[in-house]
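A short write-up of the structure that comes next.
Should a chain be cited, it is by its letter among A, B and C, assigned in written order, with residues numbered from 1 in that chain.
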């Protein structure tokens, strides 16, 4: 079904439909990007698959919701990435560092176990009931663009995702530390021969990845109800994004996020019967044609 | 038996195989010489099908196999050993040989019969183990035996596919002079109708076992002929400079 | 490569004896437990075949089990087939699906293989959820158990059904062991250790993978058929990826690549689940911690650990020690 056919047909859908769905798709894409970029760079650099990344996102959402209740929305948004990054530090020293030498299978399993642990830990701390996070006054209105009213908060998420992408792109391509990370992704043994402290780099990237997951949770919290299962339900989309995009690359993460966001959003409105199958079929197709994803970090 | 016609391959701007045409008769033993980076292993990879040539043809026993995948060429009688050991490390020496023999005898996809205990498989394993001196190590895990034994097994696994043509990529690489001598005996033990194409750095060994010699330089065949003629060639001296004096 | 050792035979005999004794004496709840363990055990046998012996860590085995369950339900209700034909049909359908999945995913490795199978499984899950003939969220009911009145058994009786499940488990185990010891099973080991060499030997690698995945899928299908007969109802939850994840946990808990270990794992997992659920509602926390501890310990699960202890205590004659190898090398060099 092509857009041209649709607009020409009896179902003629006006421009505002496309703008609205396009923005929805972008907003979903950017949220997924915040999550997947940390996961994919951690994988690219450390060859470490952290299945518990989604649980870090859930943790971010909980911290943000609780802190917002006590100190207001902005405190929550600031505190969540910090808290999750701090938790990431604990994780790194307690588990990840010890698992560096094990195979991917062991890493997948340990982080799978971590999902279970964190699931119940959030239940113990915050209870089973869904938590609602408040939306800040400033961002709760609507904005009119192209004759269409759209929630400011969702626009902010799109802008935030764009900014983070730009920032990461700049850091990776223009700065010393970015060059070191790229060298590490390309060949970590060679990088450490060149005098780069790869271990320290891992730690830094891991913490940044965790902070981004926390941030994603914090900005998503006002849009969704915060539940213990939210980490589990976001995990599969995030994994699909990084596998479609190709593990280890920023370009892959943004491309995968956009593909997922648009296929999911437009699939749901244009072909509701197929929507849920569509994205998995796409993933399967990508893996058959390019088994390492569209933009893998290493050829 | 094995023939290439104007085989070409380049990686970007670098030509690694330049119009290589060689022809091996049945039972011929040919050694490929050439300095590092001459394109010897690249040529091998094209012969067995791990790399697709840009142009040219490869013929095996009269059949054009240029477009065939690796496994199909092996089933038609082309087998190779690797310069860098490519073995089933977690398995025993015997299991390594058996897997190869199982494919050769067509038991590799049977769902009911244990290929390891088939008499025809056992027979090949015994025979090859004798040929390459692996009898004492049959029940040892590959990861537990020495590098030299692994080199022997590398050739043994290739032999156990019952090939018509055997390609050996530096069979003595990384082993001491004692082993090189052992390898010489090994070659003498092989049936005379088996066609051999060997990449070798050890000059003594090369001149000793070769019926013919091909020299590659920058992807090009610069010499093709009898070992005696090669010994006198000034071109070769130039290419091999230092090591030539030792030969 | 797969082999039966005296220790493995002994473990199997012990498990079988315990299962029979327990089933003879169990009450209603105990019999439910036996059936539950048997179904899980068949599923993890199937998973261990491909994951432990072929390096194909699948996250779609839950979905395959679900396909088996739905196929049996549809064939025997809407399809009007008798239960035995329905069982065989369901197993064949699941095997066919699995073969196709195995063929499609055969080029992917490591984490990509895991993701590819996950995608396949989720696709099946989503489809079953959406398509009207599968009853959506409500699932399908009205499923009957196999009629064995010819030999005087009524499978609607809990004890008979538990024994029936155990017999099926025994058959599944025997079949898995047979296929793993066959030419195909040996080739799969070769593919796991070096795909490149296996190809160079002339084996058709993707066929080996697809064939074994198909066989494994057939066994997962049997687990699904039994699950459907057990609760006489199927729902999309059977196909969820967490079921596959749980199966993987059980395989790891028991001992990957031992075939006997996953049986031990299935028993331990279900028992633990019921014990802990009685004490606390945070059952996942405990399982998660156990999983992390088992993997970090470096041991190959419960059974793998015991087996390695037994072997260290009494070295097998087949495998030479490093000492012996060195001795022989010295001898042959001289």
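Brief remarks follow.
As a convention for this text, a contact is a pair of C-beta atoms (placed from the backbone, for glycine too) under 8 Å apart; a residue touches a chain by one contact, two chains touch by 3 or more.
Here the structure is a predicted model, which is why all the values come from computation and not from measurement.
Chain centres here are C-alpha means, and the one lying farthest from chain A is B.
Geometrically, the chain at the heart of the complex, using CA-atom means, is C. Look at where the CA atoms of chain B average out and do the same for chain C: the two points lie 41 Å apart. Centroids of chain A and chain B (each the mean of its C-alpha atoms) stand 49 Å apart. Once the centre of each chain is set as its mean CA position, chain A and chain C turn out to be 33 Å apart. Every residue of chain B that touches chain C in the complex is listed here, in rising order: 48, 50, 69-72, 74-75, 79-80, 82, 86-92, 95, 98-100, 102-104, 107-116, 133, 136-137, 139-141, 144-146, 149, 157-158, 161, 178.
Interface of chain A with chain C (complex): residues 43, 49, 95, 98-99, 102, 104-106, 108-110, 112-121, 123-124, 232, 236, 239-240, 243, 247, 273, 276-277, 280-281, 283-284, 287-288, 291-293. Those residues of chain C that touch chain B in the complex are listed here as 1, 178-179, 181-184, 186-187, 189-190, 193-194, 196-205, 207-208, 211, 215, 318-320, 322, 325, 328-329, 331-333. Residues of chain C that touch chain A in their complex: 57, 104-105, 107-112, 114-116, 118-120, 122-123, 126-127, 129-130, 241-242, 245, 248-249, 252, 282-285, 287-292, 295-296.
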